[in-house]
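Two complexes come next, and they have one chain in common, chain A, joined by chain B in the first and chain C in the second.
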Partner chain A sequence: MQLTNSKKNGKPVGRALAAATCALLGVQATDALAKDKPGEWDVETALLVYSEADDRVQAVEPVISATRNYDGDRKLNLKLIADTLTGASPSGATPSDVPQTFTQPSGNGSYDVTAGDAPLDDSFKDTRVALSTSWTAPLDRDYTYSVGAYGSREYDYLSTAVNGSLSRYLNNKNTTLTGGLSLGFDLVDPVGGAPTGLSRMPLKANKTGTQFDQEFADTRETDDTKTLVDALFGVTQVINRRTLMQFNYGVSYSSGYLTDPYKILSVIDDASGANFGGNLIGSDSNPVYLYENRPDTRIKHTLYWQTKYMLENGDVMDGSYRFMVDDWGITSHTVDLKYRWNMDKSYLEPHFRYYLQSEADFYKRYLTATEYNGGTPTLSDASADYRLGDLTGLTFGAKWGYHLDEDHELAIRAEYMIQTNDGDQGFGKLASQDLYPDTSAMWLQLSYSF
Partner chain B sequence: MTTICVSAQDNPAKHPLPRITGKQRSWQGRFEAMASPCEILLDGIGRTDAEQLLFHAARETWRLERKFSRYVSGNPIDRINHSNGEPVTVDDELALMLDYAAQCYELSDGRFDITSGVLRRAWRFDGSDRLPEKDKTDALLNLVGWGNLNWQHPQLTLPEGMEIDFGGIGKEYAVDRVLLDLKRLLPEGSSVLVNFGGDLACSGPRTDDKAWIVGMENHRKLTDSSETLSLRGGALATSGDSHRYLLRDGVRYSHILDPRTGWPVPDAPHSVTVAAATCTLAGMLATFAMLQGANAEHFLKEQDVLFRVQRSWIQHSRV
Partner chain C sequence: MPDSTWFFDRRFRLAGTALALATLLAMSGCSDLGVKPWERDQLADPDMQLTVSGVDAGLDDHIYFSKEASSGGRGFGGGGCGCN
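So, the complex of A and B:
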């Protein structure tokens, strides 16, 4: 009986065992962490609460992202984001020594701003839902591709994009070259219609309802579109066992309606007299405010360099620098530093970011009556949006994460940002106003992955 | 000697960090895992690459150790062993192991059984003459038998009280897994040998086309003399441990238990070493041979593999 045990159905057991062993070992080696185990969904959930000081923008943003690994290399990712934004945002108008009244974007009403206060548009409320999906898979041993789609919808904006990228591995996967392209198409449908660029904001005072409605209708255009093309070329290089470096160059071209339909500019009286530096008063006895207007194309170039370094004790230093320049005249520099301090089951990651930006060529904190030129502006583009001005931002924060077990991580991130703007200080009465109040914001993010 | 840094997350068992010695294009890395000294020999690469490969090897070995050990609470094996008869869904890697265990059970006519570990509760191989009561081993046999569990990919249902244990496969599997990983990362013209406590596999001969020479001393104490063996390709694995037995009335009871009787396999060799294409296959053939008892040598000859069988009075080999 025992003699028969060396054979099974007439064949040596070893032959069948060898085949079984090949099946066992034939599977693609997975040396990655438990996260990349095939056949399971990895889900990340997060809740971000963003709050700007002085009752300005408040946002709540839940995110859910799920990745399905098929065999370690092929991955499907789905991501759903919903934001709710409320609060007030600077309209672009300058503060004044007298109270100011502005027409709401819808045309159905107005809002008042106390003398000396920064004009904020408080009709700002939006809910956005965004869905994105991507698929990554190897083409062969040396190439991996990825394709994706994105769509988001908010009350006055629809955004869609498709993207694709191809990566090539070289030097035993120590070098990765990546090329990517993204095409986007957005539909802008502002509340009350898009205002004509640099047209005067209609104001209701001293007018009949019909007169105002006519004036409002005259400044409106239909909805508008925007197209975006982004191309990216990147190199990721493993320098040694501890150091990883990445360089990216990106170029982005956008065309169409690039103006912010809710931003305005104040026109300031620069004729000598009692109102020197005050709001220019038009023929309807109301101050003059113009809707902003931006060029209809923009080309942006971005260079990005990142280095990650793992210390002897397993801690990770992560530093990056980004340089951006565009044909609107904006250049910006971003330095971002993180240090991941690994403890037994948790980690602490302090974060620091410095951002410096120069203003766009058409950035104007206000227009003068001379530039307004009685309704035929001498400029074709102008915006008082502080995000296009000279600005410096500092962000401090920290993230603390805790590994509940192999697959579950709980993390909390808190950040504080302070942003300061600078520029033309005005003249006459305007010089006594604070044209560049600091912006500060706090955000808190709680995330859980499983 | 250089210490390789591995993060605490990748080293959950808090082993000492891997160390590397060597010079120019020849390196020896060492770390510990699975209660064995682990050795990675690398030929034909520079120090930076060698350090990186050792890092990968240790990380992967420790991952497998954590995943397949029956002593780590909360790992997949522990979850299965504490499932109280409820079905457990396993990942692809563990599913392949279970498929393999099923085939080994079938090919060995039920002699190799990953559910046989509970028999250890009755047997203590301490060199004494204390044999367990037959009643006790018979009672435990109710908890043994691959045929009693239900394995339907990807779900395993283990009856309450039963346990599974990959102790008989895990280390050899880790050797192959790590070797496969390193081969994927190795530059052209280099070679590697992975040796976990005497179970070993290599990518081919050394870069000078000579065989790898591996010291066998201290690992298993096969003999009193320290031996070396040479390997030019493939893998070697050894089953058995001459220091674990019971002796009563002149009969030596080996620690190789037959899961069908609950008692040691009669006339099992002290140790069996087999050479095969992979370490997992070599290890399983060696285990099958041990389970054949007196027929170990005959079994191995039928398989047409190189082997060495050690018995207390004589050595049969075909190396």
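So, the complex of A and C:
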């Protein structure tokens, strides 16, 4: 006969005792299973399938994360992620009352967009492999340190980072102060080379191959880099037997190539006449599109507050709020709520997330011919990337998990997200176009832990 | 522009004040808050970890990093282009 604790999950009494013992010793358990057994590996595997509506981004992402527990306190984690992306992504150009043709990022072809349709660049296909590792160990009774490294490789992007943090326990381990630092270095090597910011996208129509190649080469720069420094300060506080809280402040500084090399802006004719609100036509009789350009530094400040509360029946509420402000003029608010409803051998966890963001100072849904100023733009930075605009996001989801036994858990998770944008509605012919289509996505994740 | 500089400064000051208040609250309240070592049974439950599944959190963070202008807060995230 197996003794069980009927109040909470029907977990074996032995497990509950082990958890309580860990707690007395100040050891933090790390997962929902009977893990943290010294000398063993705990493995979490998952497969994520991500799909956006309207033939936009589709991704498949397998993950494996393994944690080796040495003696209860010292832990090594290794995590490997691979993802494959296909589909189409909004280029930033505005829809038009006439068909449009754009040059692919590689310069080796073009893609057409039907009149009235949102310009989507469907030429990308990417594979990312990311590997990260971390090591956590105590320094003494009051201090724990953690060091880690991260590296990921995409066809056009290399990202690397190292990080370290130190935690100090106070008040019988009821308070934990943590300080951490992360240093990152990225190498950006866009398909076709990085375009010069706010230069005109070369279009092949009405040109010889040589003319086009020359024009394309003239708008290219060499590979570029990005450096990132992140600092994080946190306080974790046990409030009472059922409540745990965390406050974090993070500051992040990035510098270098922060532009998205694949995003463009339409230039709209604002001279009164038949083409008022249509694409500006250049001297080569083609519409004028410009490659976007963002500032080369960014400082973000983030405040994060999370609370976990266990109810009498063993269910757990998890709520968090994040405030972000940066020197690009963006502020954002994120609220995330989860409720874990524990049943006999399984659990169900509904999830809700709300995100509200204000636009960057240099966000422009389009540029006017006046701002384009005949090829010498009056602005130094401009982007029509909807992710930098006024944006509201809602996510609804749920996770269902089943404990096969003490060491094995199977879980399935589904999330649905909808993003809506708003902003300048255009003028003339442009005003009849849908400049802010919604973005909706859903993802399904299957996980198995052992 | 003087106006936008003022605007940023004001917002940064607001963020700074909020942080200082939160820290002060946490620090001053610490001595009265908390539990005895033998009262940690519920807090030790794996479901009470701040991040229950690192894999779920990592996957979601990467999705939102690629679809929004904000990231981080909880800890150091992974990197990447997030271009699409």
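The rule we apply is simple: the second predicted complex is superposed on the first by the 417 of 450 C-alpha atoms of A that agree within 3 Å, B and C clash if a C-alpha of one lies under 4 Å from a C-alpha of the other, contacts with A are read in each partner's own complex, and residues count from 1 in each chain.
By definition in this document, a residue touches a chain if its C-beta (ideal position, glycine included) is under 8 Å from a C-beta of that chain, and two chains touch if they have at least 3 such contacts.
Not measured: the values here are computed from a predicted model.
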Taking the superposition on A as described, I'd like to know which of chain B and chain C A:V63 touches: first, second, both or neither.
second
In the overlay, answer first, second, both or neither for which of chain B and chain C A:A274 touches.
neither
Examine A:R242 and indicate which partner it touches, taking first as chain B and second as chain C; both and neither are also allowed.
both
Check the residue A:H403 against both partner chains and state whether it touches chain B (first), chain C (second), both, or neither.
first
Partner chain(s) touched by A:E40 [first = chain B, second = chain C, both, neither]:
first
Max touched-residue count on chain A (chain B vs chain C) belongs to chain C
Quick one: classify A:Q306 as touching chain B (first), chain C (second), both or neither.
second
Considering only touches as defined above, state whether A:D344 meets chain B (first), chain C (second), both or neither.
first
In the superposed view, which residues of chain A touch chain B and also chain C?
8, 16, 20, 22-24, 29-31, 33, 172-173, 240-242, 310, 314, 342
Given the complex, residues on chain A that touch chain C span 8, 16, 19-20, 22-24, 26, 28-33, 35, 44, 46, 48, 50, 57, 61, 63, 65, 77, 79, 81, 85, 87, 89, 124, 126, 128, 130, 132, 148, 150, 152, 154, 156-157, 159-161, 163, 170-175, 180, 182, 184, 186, 188, 228, 230, 232, 235-242, 244-250, 252, 260-262, 300-306, 308, 310, 314, 316, 320, 322-332, 334, 340, 342, 347, 355, 357, 360-361, 387-388, 391, 393, 399, 413, 415, 417, 419, 439, 441, 443, 445, 447
Which bits of chain B are touching chain A when the two form their complex?
3-10, 48, 51-52, 55-56, 59-60, 63, 74, 91-93, 96-97, 99-100, 103-104, 107-109, 111, 154, 173, 176-177, 180-181, 184-187, 276-278, 280-281, 284-285, 288, 292-295, 298-299, 302-305
With touch defined as at the start, can you tell me which chain C residues reach chain A in the complex?
4, 7-8, 11-12, 15, 18-19, 22-23, 26-27, 29-31, 33-50, 52-56, 58-60, 63-64, 67-70, 72-76, 78-81, 83-84
With touch defined as at the start, can you tell me which chain A residues reach chain B in the complex?
2-3, 5-8, 12-14, 16-18, 20-25, 27, 29-31, 33-34, 37-40, 71, 172-173, 240-242, 310-314, 342-344, 403, 405-406
